[in-house]
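Inspection log for the structure reproduced underneath, given as structure tokens.
Just so it is clear, A, B, C, D, E and F label the chains in written order, and each chain counts residues from 1 on its own.
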Amino acid sequence: MKFTIAVHGAPYGSFANERALKFCQACVASGHEIVRVFFYHEAVLSGLNSTVPPQDEIDVTQAWADFADTHQTELAVCIANGIKRGVLSDTEQARYDKPSPTLAQPFELVGLGQLIDAMASSDRYVEFPA
Amino acid sequence: MKFTIAVHGAPYGSFANERALKFCQACVASGHEIVRVFFYHEAVLSGLNSTVPPQDEIDVTQAWADFADTHQTELAVCIANGIKRGVLSDTEQARYDKPSPTLAQPFELVGLGQLIDAMASSDRYVEFPA
Amino acid sequence: MKKMLVIFSTPPYQNSHTVEMLEAAMVGAVFDFQVSLLFRDQGVWCLQNEQNAVSLGRRTVGKVLQAMPAYDVSAIYACAPSVNAAHLDPSRLKPLPQLLEHSAQAILLAEQHFVLSA
Amino acid sequence: MKKMLVIFSTPPYQNSHTVEMLEAAMVGAVFDFQVSLLFRDQGVWCLQNEQNAVSLGRRTVGKVLQAMPAYDVSAIYACAPSVNAAHLDPSRLKPLPQLLEHSAQAILLAEQHFVLSA
Amino acid sequence: MALHLVYSIRGFSACHPRLQQEDVVVLLADGVYCAVNPTAADNTQNADLRVMTDDLEIRGLTTVSGKRIDYPDLVELCTQHTPIISWND
Amino acid sequence: MALHLVYSIRGFSACHPRLQQEDVVVLLADGVYCAVNPTAADNTQNADLRVMTDDLEIRGLTTVSGKRIDYPDLVELCTQHTPIISWND
């Protein structure tokens, strides 16, 4: 089956990312396809390239990057929710004349249409609240 | 009187910063002194230098910077809460080998001792939750 | 046509999620999803008339909501027991919702392809 | 000596605020504040024995809490009605809290210079 | 006497049983809904209640119980009370 | 039939009156406290309840009602139900 996954909770503030990662790992292990992971609300901060997690704790951004690398999964950060919270691609950093880009690889800033588009081609939508 | 102000809620996610700013403005207008504004939990993100608020909405980081400039107020971001959420001074960016510093001027990254120190020399402590 | 329901359970200025989820509802409608909104528990306060968030420097939820029909989000429901518990006069809510009892909400949920929560 | 009370009202893994506020309590004690902790409502679940957050990749609240006495945070209170409502056996909580009724909590609050809430 | 800053309806439920006689309660943010909700208001009859006008106006609320205050009034109340306790359940 | 993901005790209170007969309820995150709290458990007798073992162990909870599941089980339940609804009050 095809899944769209939405993450709503902040990294380090909430535990939404940790739960969503475990779900996604079980999902692909069972042979299902994740069409897109969409980061919304405070979860856009999971795509920030400057986080320094405490020693012995999970690095949420790196864990998502590793997952995406292994399974060719698209990590989509809502652009409207992202730029207001300070998550900027090279393009947005230049457009708004901010000091530096802050989006981690391989996250992408995309419009809300990409959430709806993923849902339209998925069998299931699972949301991970804060 | 001397006040220590603590802000706990995320900028753009919560309205804690907007309320704290209004309180601080009323506070100095009444002749009181704000020893330090301490940003904790998700409120550390108020010190991020890359936020792009929606048009016609308040720029929280700039509003704090303007307030601090007018009233010589210290804007203190908890370093432990800050670096895990991606708020890095030049020093921390270099220490952890991250792409770029992300702390806005005139915010400072400081230890929790600076919260307790401010409280010890204040008559009142007011907290602005998420 | 895919059916999408967005549920609001928090008061309008608890956090930014209410406005952000209304944006998701609008985009869903633009992409031809059949979009409904359900306001339950403290979320019914989103329908209170004459909100004004200018003094907060933020968008007014009531105004964003009133733009919904223009985006073809026309099915707006409110939980009847929640409206009663808040002592709100349903005839003064804006936009005017269809009131649903719990059992009707269960049926509404069952009809959806996708349910989002703010 | 300044008195500081930190109140916990959410379950231990709802967000990171519980651990972050315990850190503030420890630093308060290091700076010679007289620090107390009060667990109320769903915050009483912080005192549940044998927590283990390793599978989350995060710190275990119960372990951080048990280090508190070493930092001279020795006054640990729990709301008696909240412990009852959660059907917890108070003798099995860790660290063992002093149970306070609402009226005793009101007195505890009144004695403080500073009250922090997680 | 303490000053209680109540940020939500649930915050009021948490605050109310822990009040002392001379304490003052300020309803602000979503706490102002307690001032329009008669069920919550019943409990408030023993408490010395103030309501933030700014937060009422943001939410479109008009007919409410309790004495209305603004931010300068809140600062003044803070100078008159200690400790200051936030309730945000 | 719908799958209800309950993230908190209050989430269960919100979910419960809106259940249909064949629906399945998964208690996860702080929703697992409903499985140890007899007051909540009373209401759950009509519902087909599953409890995430991982979240029980994190919180130090042992004696609980409801059938225990892990993440692969949760994925399987998701494939069997639609829509999937999160309750996080």
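Rule of thumb we're sticking to: contacts are C-beta pairs under 8 Å (C-beta built on N, C-alpha and C of every residue); 3 or more make two chains touch, one makes a residue touch a chain.
As the structure is a computational prediction, the values presented were derived from the model and not from experiment.
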Which chains are shared contacts of chain E and chain F? C, D
Suppose chain centres are the mean of their C-alpha atoms. Which chain sits farthest from chain F? B
Reference chain C; chain at largest CA-centroid distance: D
Whole-angstrom distance, CA centroid of chain D to CA centroid of chain F, is 27
How far is the middle of chain B from the middle of chain E, if each middle is the mean of its Cα atoms, in Å? 25
Touching at least 2 other chains, the residues of chain C are 13-14, 16-17, 56, 113-115, 117
Shared-interface residues of chain E (touching two or more other chains) are 29, 54, 82-84, 86, 88
Shared-interface residues of chain B (touching two or more other chains) are 12-13, 15, 41, 54, 57, 80, 125, 127, 129-130
Considering every pair of chains, which are in touch? A-B, A-C, A-D, A-F, B-C, B-D, B-E, C-E, C-F, D-E, D-F
Chain D residues touching chain A - in the complex, by the definition given at the top: 13-17, 56-59
Counting only contacts in the complex, chain E reaches chain D at residues 1-2, 14, 17-20, 82-89
Give every residue of chain A touching chain D within the complex, in rising order. 12-15, 18, 54, 56-58, 63, 130
Applying the document's contact rule, which stretches of chain E touch chain C when the two form their complex? 8-9, 29-30, 33, 36-39, 54, 57-62
Taking the touch rule as given, give the residues of chain D at its contact with chain F in the complex, in rising order. 11-14, 42, 45, 48-53, 55-56, 62, 85-87
